[in-house]
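The first chain written gets the first letter, and so on, giving A, B, C and D; residue counts start at 1 in each chain.
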């Protein structure tokens, strides 16, 4: 099937119900940070609506994306969004990470959006699966997740990390005016497993 | 009556219905820019809930604030908020600016939040009332209002202006986490009538 | 030659002298907005160091990027950066836009970073070259450029536009601390020529 | 001596050498958060150029501000800035906090800008001096300071805290253009000692 988008699928394309969704600009910067190649194997932890999984799958066009999500509503959304966008290289796993990571192959890139309260365990499991020079990209919306991530990377010197905070304002058209509407800011932590 | 606040009344203190309200941090920076003294006469154009009028009235404690608002719901909110906060030096005028400005005295400071589509007229009328070294502080949420304001100030060299954009993120407590919530950004244009 | 990056070349990879450069995150969002396909023909107006041209060239891998720049120092930087990154599908034109646009072929996407004072002329010329469903992406750092762009799009209803403001904070490592350093914000205006 | 400013002294008014200085908008929001009354006793920890001490002294006009600073260059700047602004209710203490806090009286408000690596000790000492309903306002520029502060407040339930991140863009006039220049963002943590 011919794909309409290569990167930066509009938010409105996704079916989402009430599940929170990573906004377009954040998805773009996350995917660019992950530096995904066409044969890569990618894991998306806490996949939610599958919006990041879909973007990753468009990059890893001859590879595979594993979308891990605990919520049945999310599972259904991931399936529907992939189908709607003509994407067939996503494998969905219903589990709460790090559960569900036992049988994964070696990974080139890992995207961590929703992590619940088990981030250190998830990072340990990720580390055991991640290839050298592989990338972990975390999207943090709380200070606690950011701190857990920062603490982990400071304790594991085989990783180089950098932190960027992204704040997007969209200027919406309201009756002839262009009016600012802020998107909630996010911290993107990009980690590389050193040789 | 003893007043509880001197500057920066919490948002939750105001009765607001569905009327948009200037958020606390924006009010603080607006009032600080207006440099209001205790005997000053201040005009608040498009007063909305009266939140800025109330802050101005706390500064101009021996002066007077004129709150101009076209919306009857707003008029009632201004009255209730002033009463709730023990403020008695606000005079409410129900009109759509520049209407309602005919009988005003000389002004030390003018706050312009809501201006509808008549900003150049409002600025002309304001200019005729404003004392030398008086201040006009505009809060702009649309590009169009910002541009009208900028064009006016470029055409009127007796004013010095500066523009600051303010973006506030509040970190809300959600189940043990501190999570970012963005407040929509605002442009604060501060204008001084030169000697 | 094998290319090291697919999107989001690190800032430090570019030779830049004292020429201002579009920062990595802004480049990523600009390129994603342009939706460049591998056979596309792209124009980069005010190419500066060539950082956007290089990113575009990595997308239009079987197409061509025209980099238009008036400054001889910029011309040399574009040449050196393309060479350093193993990019051979950039054609450099030394001229001040809209000069230098006379002999261009039909265009799929146009990136406008530096426009000097002739933006409306540049947009007119661009319009005559741009294919239907083609994209113009403008990066605006001044209110004046933003306004010119907005006015043009409001006058030309064959274009759909949207405006996003991007603010990036990088958290730099300073003596064991992670300290925020703000990147100057930019408005990205994305315009699509409608059918 | 008559004072020219009541709140929000322009940055350019301060003598600062190479010492980092809290920018005007951050000072305004910090001071408004501290809710300083005219008879209050205030401590400014890591006073730097004294810019926050001066603002606090303008509020506590019949009270006193203690400015604690370790750096001799800072001590001299505080002295000069207070003198320049006609402020005579600042007492300067040369020490590295929490040293120098031994002989302080009870405090109504404490401002913590620079804390070095001893923040928990400083907060313990502050707590022993702070009156009930007193306020601690911390300006955090690093994630580490923010985290230390957050951890302390979570461990000490007698404090209510809230966190706001402030990002200011100033639009500078450059050759007829208004161009954005970002101020580095800051976290303002406001803590109240509960009854």
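To be clear about the criterion, a residue touches a chain if its C-beta (ideal position, glycine included) is under 8 Å from a C-beta of that chain, and two chains touch if they have at least 3 such contacts.
What you are looking at is a predicted structure, and each value in this text was computed from that prediction instead of being measured.
J.: Using the touch rule from the top, work out which pair, B-D or A-B, shares more C-beta pairs.
T.: Of B-D and A-B, it is B-D that has more C-beta pairs in contact.
J.: Determine whether chain A and chain D, two copies of the same sequence, contact each other through the same residue numbers or different ones, counting it as same when over half of the numbers at the interface appear on both sides.
T.: Because over half of the interface numbers appear in both copies, chain D and chain A meet with the same residues.
J.: In whole angstrom, what separates the CA-based centres of chain A and chain B?
T.: Chain A and chain B have C-alpha centres separated by 42 Å.
J.: Could you give the separation in Å between the centres of chain B and chain D, each centre being the mean of its C-alpha atoms?
T.: 26
J.: Mark out which residues of chain D touch at least two other chains, giving numbers and ranges.
T.: 143, 150, 163, 165, 167, 169, 171, 178, 180, 185
J.: What residues on chain A touch chain C, complex-wise?
T.: 5-8, 25, 28-29, 32-33, 35, 37, 150, 162-171, 178, 180
J.: Which of the residues in chain B come into contact with chain A in the complex?
T.: 141-145, 167, 169, 171, 174, 176-186
J.: Over in the complex, which chain D residues touch chain A? Could you list them?
T.: 143, 146-147, 150, 163, 165, 167, 185
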